[in-house]
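Note that chain A is present in both complexes that follow, paired respectively with chain B and with chain C.
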Partner chain A sequence: MKSYILRRILRALFTAFGVSLVAFMILHLAPGDPVKIMLGPYATEENVQALRARYNLDKPLHIQYLTWIKNIFKGELGTSIRYNRPVGELIKERLGPTLILTGSGLLVAVILGVLFGTLAALKKNSILDYLTTFQTMFWLSIPSFWLAIVLLYIFGLKLRWVPIAGMTSFSSTILPVLTIGLREQAWFARPMRAEMLEVLSQNYIKALKAKGVKYEKIVWKHAFKNALIPIITMIALQLPWIIGGAVVIEVVFSWGGMGSLLVGSVLSRDYQVVQTILLFISIAVVAANLLADILYSFIDPRIRTER
Partner chain B sequence: METLLEIKDLKVSFDTEEGKVEALDGVNLKVKEGEFHALIGETGCGKTVTGLTILGLLDNNAKIEKGQVLYKGIDLLKLNEKQLQQQIRGKEIAMIFQDPSTSLDPIFTIKEQMFEALDNNSDLTEEKKLNLIIEELKKVKLPDVEELLEKYPHQLSGGMKQRVMIAMMLSCRPSLLIADEPTTALDVSTQAQFLKVLEDLRKETKITAIYITHNLAVVSEICDTVSVMYAGRIVETASLREIFKNPQHPYTYKLLHSVLGVETKIEELQEIPGSVPRLINPPSGCRFHPRCEEADEICKIEVPRMVEISSEHFVACHKRVIE
Partner chain C sequence: MKFSRVILTVLLFSLIAVSFSFAAKDTVVVAMMQEPSKLDPITYQDAVTSIVLSQITDPLIEVTTNGNYTTEGSVLESFSISPDAKVYTFKVKKGLTFHNGEPLTAEDIKFTYEALKNPELGSPHRKYYEDIEKIELVDEYTLKVYLKKPNVIFLATAKLRGHVLPKDYIEKVGWDGYMQHPIGSGPYKFVRYIKGQEIVLTANENYWGKKPKIKNLVFKFYPESASVVMALQTKEVDYVIGLPAEDFKMLRETAADILKFGTYAEFADHRIVFNKRPDCIFHDVRLRKAIAYAINIDEMIAVSRGDMAVKAIGRIPNFHAAFSPDVPTFEYNPEKAKELMKEAGYPDGFKTKVYVASSAQEAILEAQIMQQQLKKVGIDLEIVTLEWGIYLDVTAEGEAPMFIENWHASGSLPSPYTFVEIWHSKSGWNPVFGTYYNPKVDELVDKIKVTVDPEERWKLYREVQKIALGDVVCIPLYWPIVGIAYNNELNIPEELFNAFKIPHYHINEWSF
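Entry: the complex of A and B
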């Protein structure tokens, strides 16, 4: 078991390293120059060169990459060109709101998805089942930025139930969390329904009935727990999509998280900020996958006792 | 001996994508108290469906068209799911299944699953339950019972799992055990061990059993009465001795002679021509007639009735009715 976890951690580190390299390359090979964007079209060549030198942008790419990595290990994440402030400081400010948004969104999605999926399976071929199929297809077919705008328009602008932007109060979190939750629950509801039906058709369910166990107990103790195991992996696999989706949603709702910081920084080619955020996100995703794997092996005795 | 369970004219059909399958078509069966009643026949003849119907465990696409399943005088088909769960399953009638590897929930320990059977069927204290569980597991000759209790199903062999299943079912003290091909998935040495366990249990508990199998060797080891099923009907019922010495129905005869024994030579084996008919469009009259060498016109038209040809020997065949 220990060596298994160790192996997984090692592999996760490799993945994070790979992602850092790709993120760096894509960014620096893309057209656009942060210095020129910052100084405007009338900047003198002299000023441009000076600023480049200040941010190490005049060095060859591999040197820039190695310097970046080296500094990360020293705990220095670089300086934002746009804000002229340390990147670490910027991220620290923005991390909380993003975690609140993605965390609550995921929570809402998992609860709703597992609930809908389970009920649809238990009432297979009923109206509830068909409605679940319909609503999941519905949310999955709508782009999240559009859903965000429509929700804003109806509940923010027309009904005025919630503020239209910012993160001033609890009510301002409702719409962004709902935008993530409604869409993502569809990803969980459908496999949960399938898993539940699969488990309910297993032999041991029949055997449980044969020994006189209550239906409710068979469903919630045996079928539900067995069906939930693969869903846990799905949650981790879905995390990148939630984080990616949150970037767009943060922009629409003027949510001061990492997502809106990322978009702003990409537009101004603020290399240091963008590559650090990408690295952060990738580490988060890899960590979530790792956690799911380890969690999975703790929950499922077939894996836990094998190793 | 008194009749413990009587099935009267039971008809069960299944709705499938290909059409309606008449799985059971007028099954009549009497199981007497204390006997081991074998239900034999080829795969797909309705043995398992009969067992599942008794406990109300059929899938949703099954429909009971008519008939009665009288257990101690109560028609089980008239009970609803709740009544079956509270009054019948486990404490009166229990069932073990063909594939022990899938009969236990993979994510709970043996202990947990043994307790569960008792929780629904007895008012004993936790401590007494544990003692009972240990006792039951020892009865089926499982080694290192205390250790076994903490294990998960995948850590047990098939034979051990089947013995756990039978210990679990018997801990509820049912009067009737339905064993659906319990040894089919086990290898031969494990089979023998399992049958030994079953025989010992029988002496000790006086339990009645319906033993579903297609293995005639097993039948001759432990059963008293044999009912032969063919394509959803019972074609012959008699004592073990009668069935083996004096089989009447042509199908029973063929079935007995299609088995390879230690002393039979391959050349002596008789195969039954054709295969079990698909029950979406079953043959008219006697369902065995397309494969029967003795069949004539009446067999194609009329369904033969069960007739007692000698004491406790019933057969449903036009050619065996003494006018």
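Entry: the complex of A and C
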């Protein structure tokens, strides 16, 4: 068991390192010079050189990469070119709003997904079942950016139920959370339905029925609990998608989290900020995967022996 | 039971929130499409930071709607320039105070000048202050700035980017402390800044100038234009800074019942620049003229800007006192173009290229129209589109025979000088814009710097434009117009729709 976990952690570290390298290369090889974007077209050569030197941009690429990685291990995340402030400070400010958004979105998604999945399984082949299949396909096939703008148009502009943007009041959080929730619940509803059906066809359920246990009790106490276990690992796997999707949603709803910071930084080629956020996200993805793997190995001992 | 209670609470909350946002109008919400980098009055590069800080602080000098310098609206009582244009005397208004109650004196102005000059603080405008030899405090309210060499353009920098800073306060709290809570002598006081959300200011009841009519001023950030357009329609925001021209036009068509619209011409111009180096075909002035005759500027503007531009006559915009109405212009005349080409030895036309930056959508459209128009006189034009950074390098190195340029004279440095200085043979910009040498132009540009009398100075600007544009150093196309859409309950004085005023730099004059 220990060696399995250790192996998985090593592999995860290697993946995170690879992602950081790719992110760094893509960013630096893309055209556009952050210093020129910042200083404007008519900056003097002297100013440009001074700023380059200040942000280490005058060094060869591999040196820049190694310096960056070295500093990360020292706990220094670098300085933003655009904000002229430590990257760590910027991310700390923005992390809270992003966690609130993704956390509530995930919560809504899990509740709705589990609810719809369970109901669809209990009423298999009913109208409700078909509707669930339809609605999950529907949400999965529309892009979240478009969904966000349509929701804004209907509930913000036409019905005026909620404000268009901002994150100062409770009502302004409804639409962004719903945008995440509606799409993501589809990911949970379908496996939940399948799991529930499978559990309900198990022999021990039949045995309980034969013993004369009440149907409600069988469903909720025995079947539901068991069907829920795989969903927990699914949450871990789905988390990175939610964080990634939140980037776009934050921009549409003027949500001042990491997503809008990331988009603004890409546009101004603020390398340090983009690199660090991408590294954060990749570590989150890898960690979530690792967690899912380990959780699985606890639930299903057969997995441990595999390579 | 529980569930319905949750729903009820949710509804109640949203009701409170909704009713709150439509409460009595003592708050104006201004949307920005970008968040300020940080509230540092010395190092900022972005217009949004300048806008926020300009509500909190006052400029040392102001500019009238036609570009003349004035003390009205500035902290100065009066200013004078010595006849040799080397000594500037500033007299500060008495009785001005910063938001913390401390008086504003000549010492604060000296402090601000020195901060902008200080290489360690790293102001991007530092080079404009390098000419300062010394700053002398005559008395509490009088200050003399001595320059190393005569330079009237220095007055433009006297605006101090719009921010006279409080010396004692900054020395006490430090620059970082100042950015956390900036103060000044301006019409609005800083209340709070919630990162990623909003900046809140409140009216300075003791303001010495035009007292704000709206009590609270809130800046919010909307990075997505689709959202800000909707927020404007629900009146969640009252005014948008940096609304894209396309969205402005769309709102003008569809939302005229709930919004008001205003426009002003920017202190900027769009033009075609020629590479005049000897190895380039456009070294020959006859071919430059031929291009000028062969293009139809009206047609270009109609496609690229519609009614959001004014056709240019000369480079300096027509609302500025240095505008020159009688510079040589070349009305569309393909026959004349052909004649000039024959004279220059190209009776059957020639091949050439125009370079544009890929981010400049308008310039790309203009280049395409140009391509069609030049084809009619036998010129085969290739359009080269390059990424912004590469475009800058390539055009500066003289690789592009022609390129389409947008020149914006900076808002915090409102001088027409940059429009003509680039033609001086010693200017750093000269090679960037295709090189140009005319001793008469050099002489006039030098003279502008030492001419203290504004009327005389404006005359020189007119003259230098006449000569350079007679040499077709470039072809001025148009002066761009900015469109502003705002809540129709909001009243913004008409005279603020001017490049030297700009409505969002004078929010204290707005009212509901």
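What we mean here is this: the second predicted complex is superposed on the first by the 280 of 307 C-alpha atoms of A that agree within 3 Å, B and C clash if a C-alpha of one lies under 4 Å from a C-alpha of the other, contacts with A are read in each partner's own complex, and residues count from 1 in each chain.
As a convention for this text, contacts are C-beta pairs under 8 Å (C-beta built on N, C-alpha and C of every residue); 3 or more make two chains touch, one makes a residue touch a chain.
Everything numeric here is computed off the predicted structure, so don't read it as measured data.
Asker: Regarding the shared-chain residue A:P60, is it in contact with chain B (first), chain C (second), both, or neither?
Answerer: Touch partners of A:P60: none, neither chain B nor chain C.
Asker: Should A:K225 be classified as contacting the first partner (chain B), the second (chain C), both, or neither?
Answerer: The first partner, chain B, only.
Asker: Going by the contact rule set out at the top, does A:Y215 touch chain B (first), chain C (second), both, or neither?
Answerer: Touch partner of A:Y215: chain B, not chain C.
Asker: Looking at chain A, does chain C or chain B touch more of its residues?
Answerer: Between chain B and chain C, the winner on chain A residue contacts is C.
Asker: Is A:K206 touching the first partner chain B, the second partner chain C, both, or neither of them?
Answerer: first
Asker: What is the contact status of A:Y83 with respect to chain B (first) and chain C (second): first, second, both, or neither?
Answerer: Only chain C; A:Y83 stays clear of chain B.
Asker: Contacts for A:G75 in the overlay, against chain B (first) and chain C (second): which applies, first, second, both or neither?
Answerer: In the superposition, A:G75 touches no partner, neither chain B nor chain C.
Asker: Between chain B and chain C, which residues of chain A are contacted by each of them?
Answerer: On chain A, the chain B and chain C contacts do not overlap at all.
Asker: List the residues on chain C that touch chain A in their complex, please.
Answerer: Answer in residue numbers: 10, 13-14, 16-18, 20-21, 34-35, 37-38, 40, 43, 45, 124, 127, 194-198, 220-224, 226-228, 230-231, 233-234, 236, 387-390, 392, 428-429, 432.
Asker: Touching chain C in the complex: which residues of chain A?
Answerer: 31-33, 36-44, 47, 82-85, 93-94, 97, 149, 152-153, 156-157, 160-172, 174, 251-257, 260-261, 263-264
Asker: Per the contact definition, I'd like the list of chain A residues that touch chain B in the complex.
Answerer: Listed in rising order, the residues of chain A that touch chain B are 202-204, 206-215, 217, 222, 225-226, 229, 299-302, 305.
Asker: Under the touch definition given earlier, write down the residues of chain B that touch chain A in their complex.
Answerer: Those in contact with chain A are residues 52, 55, 57, 81, 85-86, 88-91, 94-97, 99, 102-109, 116-117, 120-121, 152, 154-155, 165, 168-169, 172.
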